[in-house]
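Each of the next two complexes has chain A plus one more chain, namely chain B in the first and chain C in the second.
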Partner chain A sequence: MLFFNVIKWILWKDILSEIRSRESISSLFFFALNTLFIFSFSFSVDRDVTFALMPGLIWVAFGFTSILGLGKSFLSEVHNDCLSYLQIAPVPKGAIYLGKFFGNLLLMLAVEIILYPLFMIFFNLDILAKLPSLLIISMLATVGLSALGTLFSVLTVQIRAREVMFPLLLLPLSVPVFIGAVESTQGALSGDPFSAYRHWIELLFIFDMVMTITSFWVFEFILDY
Partner chain B sequence: MISPQLRGKLWKWNGTLGILSGFFIFIGLFLGLVVSPPDYYQGEVVRIMYVHVPFAKAALLSYTTLFLGSCVYLWKKDLIVDNLCHAAAGIGVFFTSIALITGSIWAKPTWNTWWTWDPRLVSFAILLLILIGYLMLRTFVDDKKREASYAAVMAIIGFVDLPIVYFSVEWWRTLHQPMSISTRGISIAPGMLVPLVFMMIGTTLLSLYMLMMRTQMLYLQHLLEAKQGGLLSEEPS
Partner chain C sequence: MAISMVSLLGIKVSHTYRFFKALKEVSLALQQGECYALFGPNGAGKTTLMKIFATLLRPTCGTVAIMGKDSVQDREAARQALYFIGHGSFLYDDLTTLENIKFTIGLRGGLPTLGEMKIALDRVGIGPYTSQKIRTLSAGMQKRLSLAKAILAKPTLLLLDEPYASLDEKGIDMMNEAIFDFLKKGSSVLISSHDRVKTAEVAHRAGILHNKGLKEIPVTELVHALF
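Right, the complex of A and B next:
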């Protein structure tokens, strides 16, 4: 029971501090909004072109946002030496990882859910009917990104050049997530039947499983180095 | 884990390994560049294969060493294993870059492009990025033990990730557009196989030689730092 309690309390602590400060979610949201504006200035406003580029745009925006958001997920633990207390706490270390992971997942999903309507408005897309499948894809891709991001966040939080190292480690490893997410988003946006992009969903699912389990296992070696 | 006696015995073989690898590579290059016939389709361009293929294999060998070494390090926490991993990563960068560069040079006359988004190419490029990230990570951590653990974690995650990268790129390419470029299944003529085998043995020995030399160097560096009262609080075992 201790295991699940630790997950619950770490998650609760993150949610509570986020609700009180609203630091991460507001900064991430405005960052993503800025990216969105830059995109619309960088590309022509031709509807067909925009539609063809849309999956890529969505995932570049989400990718940048997750770099920003996940990278500082353990930064709050460094203040007041919280990380040291987590290190010496007599609890399963994997549970700490899972707690932080779920916190990051919720945060990123919240940002993505706010962003989809904005994409619809600014790029004049009619994707309301496709929103459920898009959200499932986002969910799967975000699980993979958060699993890796949480791990690399704790890996880089106590080293020099943290801001540089985090994306350098995260981006090459998350290539499958981006390929899978962009391809399945493309399928969902153009209204293909589910069977046409099912294998991409499976890829995302496999990546999520493998990365979550591996990260969960190695997290202990980062805290108890 | 490795006793000093055994280590000393192993290190005595350094010179022999180096000489042997030099011998094999020399013979292999001579046979490949001078004796072996040019390819029926590709002409003289095929000769770059004698460097490219063995180096690519050596790169994979280094990364496998890095992965296994990282697992052993996390299990035993032996700093000399960490030195081995550090050495393997550096050597991996060397071999991977050479494999990518020679592949590119071969691709230009054969496929008429320097680069294509082929699964093997992309996974090798990602491998290079992971290894460079690994080495950079090591330079940014101050504490030696922490550096070793963090690096081992990074290597393991990267190793687990690579097959998924390979398959995702393969799907991405084959489903997007038909493979316009593919290598024919060439069954190798004996005249080409012999130099290739020589080069394979030579580069494997070369990577072993480099691995041992570099491990030794890093280990001595640690020892020196410990003697100077530097970063290690205790002398490495």
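Right, the complex of A and C next:
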């Protein structure tokens, strides 16, 4: 019971702080919007080329937005030494990890849900019918990114070169997520049958499971001592 | 016979930061309802010792036991018994005073009623600021809020690192009254401070950290002791 209570309190605190400050969501949204804007100018000539490049464009925008958002995940804990309180709180540290993980996941999904309609507008795409499968792919890829990002965020939050170290750690390990996400998005956008890109979805699912469980287990050793 | 609540056992409880030895051969035991005051010049190792008690640092060698629980082997049980007010306020700037209390106590598995929270805030003199965000509070008010959280956490061992810092005269008196209340209820209190006069009002025993070791002195001699 205490375990779920801790997840609830961490999530409550993070959501409330974000609603009050709008620090992360606004910076993430404007960063992603800027990326979209630049892409839409660069690829406005040929619609077919744009369509072929679309999965890559979507995941470049989401990927960099994730790096920006997840890297900041534990910054609020450093202020006023709140991280020390989380360390000495008599609670399972894995529950703290899951609370932060769900907070990051919600934040990233909120940005992605806002961005999909903007992709449709900027690139004049008719992907409304494909939106459910695209959202499932986004969900799976974002779970993997959040699982890793939350772990590396606490790992790098107290070091001076965190802005450099965070992407250096996150990007190489997220390669399977990006490959799986781009390939399955390609399949979904092209209207391929699900069986054609099912193995990529399975890759994302397995990656999510492995990374969430490993990070959950490792988190205690990183936070505590 | 008094129960030993906290003990830093072992002939050499020490802590080393890479090549710098911050503490060596420190030994200390606290009884139920007892207040121990730690003194020493800057860099003597007071905060290091407090952090070892608070389970924020592991001793390089030796054993720390809180309520009989080893603070390294059985640290979650040890942590259940203690509450630490350190240099950082452990407060979230975008939450209000009430929300910060709810979060801190909720995380420990308790949930005080609105009435209990208001009583605690009135007790430390910040009752009218229940819905004020932390970023708008002064350092002294934040220290008072930390004390209110400690009152609601009802710890067996209260660790206070520089408890009088940032507090005005009324605040210092209020801090000492609160310490008396904790002691009356059977909690043990460990204080690290530079204010000898105010600390001497509440402390039962005192020690000076000197040359990385702890030397006990009578509380009556605390004000005039040289270190």
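Criterion: the second predicted complex is superposed on the first by the 223 of 225 C-alpha atoms of A that agree within 3 Å, B and C clash if a C-alpha of one lies under 4 Å from a C-alpha of the other, contacts with A are read in each partner's own complex, and residues count from 1 in each chain.
Please note the rule applied: a contact is a pair of C-beta atoms (placed from the backbone, for glycine too) under 8 Å apart; a residue touches a chain by one contact, two chains touch by 3 or more.
From a predicted model like this one, the values you see are computed outputs, not experimental measurements.
Legend: residue contacts after superposition of the two complexes on their common chain; A:222 is shown touching chain B, with no touch to chain C. Once the two complexes are laid over each other on the shared chain, residue contacts for A:76 go to chain C alone; chain B is not touched. When the two structures are aligned on the shared chain, A:2 is found in touch with chain C, with no touch to chain B.
Shared-chain residue A:88: touches chain C; no touch with chain B.
In the superposed pair of complexes, A:12 makes contact with chain C only, with no contact to chain B. Once the two complexes are overlaid on the shared chain, A:121 sits clear of chain B and of chain C alike. Applying the stated contact rule after C-alpha superposition, one finds that A:20 touches chain C and leaves chain B untouched. Contacts of A:209 after superposition on the shared chain: neither chain B nor chain C is touched.
Of the two partner chains placed by superposition, A:113 touches none, neither chain B nor chain C.
Applying the stated touch rule to the two superposed structures, the overlap between the chain B and chain C interfaces on chain A comprises residues 225. Those residues of chain A whose C-beta lies close enough to touch chain C in the complex are 2, 5-6, 9-10, 12-13, 16-17, 20-21, 76, 79-82, 84-85, 87-92, 224-225. By the touch rule above, chain C contacts chain A in their complex via residues 54-58, 75-77, 79-80, 82, 84, 86-95, 99, 103-104, 106-109, 133-134.
Of all the residues in chain B, the ones that touch chain A in their complex are 74, 122, 126, 129-130, 133, 136-137, 140-142, 145-146, 148-150, 152-154, 156-158, 160-161, 164-165, 167-169, 171-172, 175.
Residues of chain A touching chain B in their complex: 148, 151, 155-156, 158-161, 165, 168-169, 172-173, 175-176, 179-180, 183, 199-200, 203, 206-207, 210-211, 214-215, 218, 221-222, 225.
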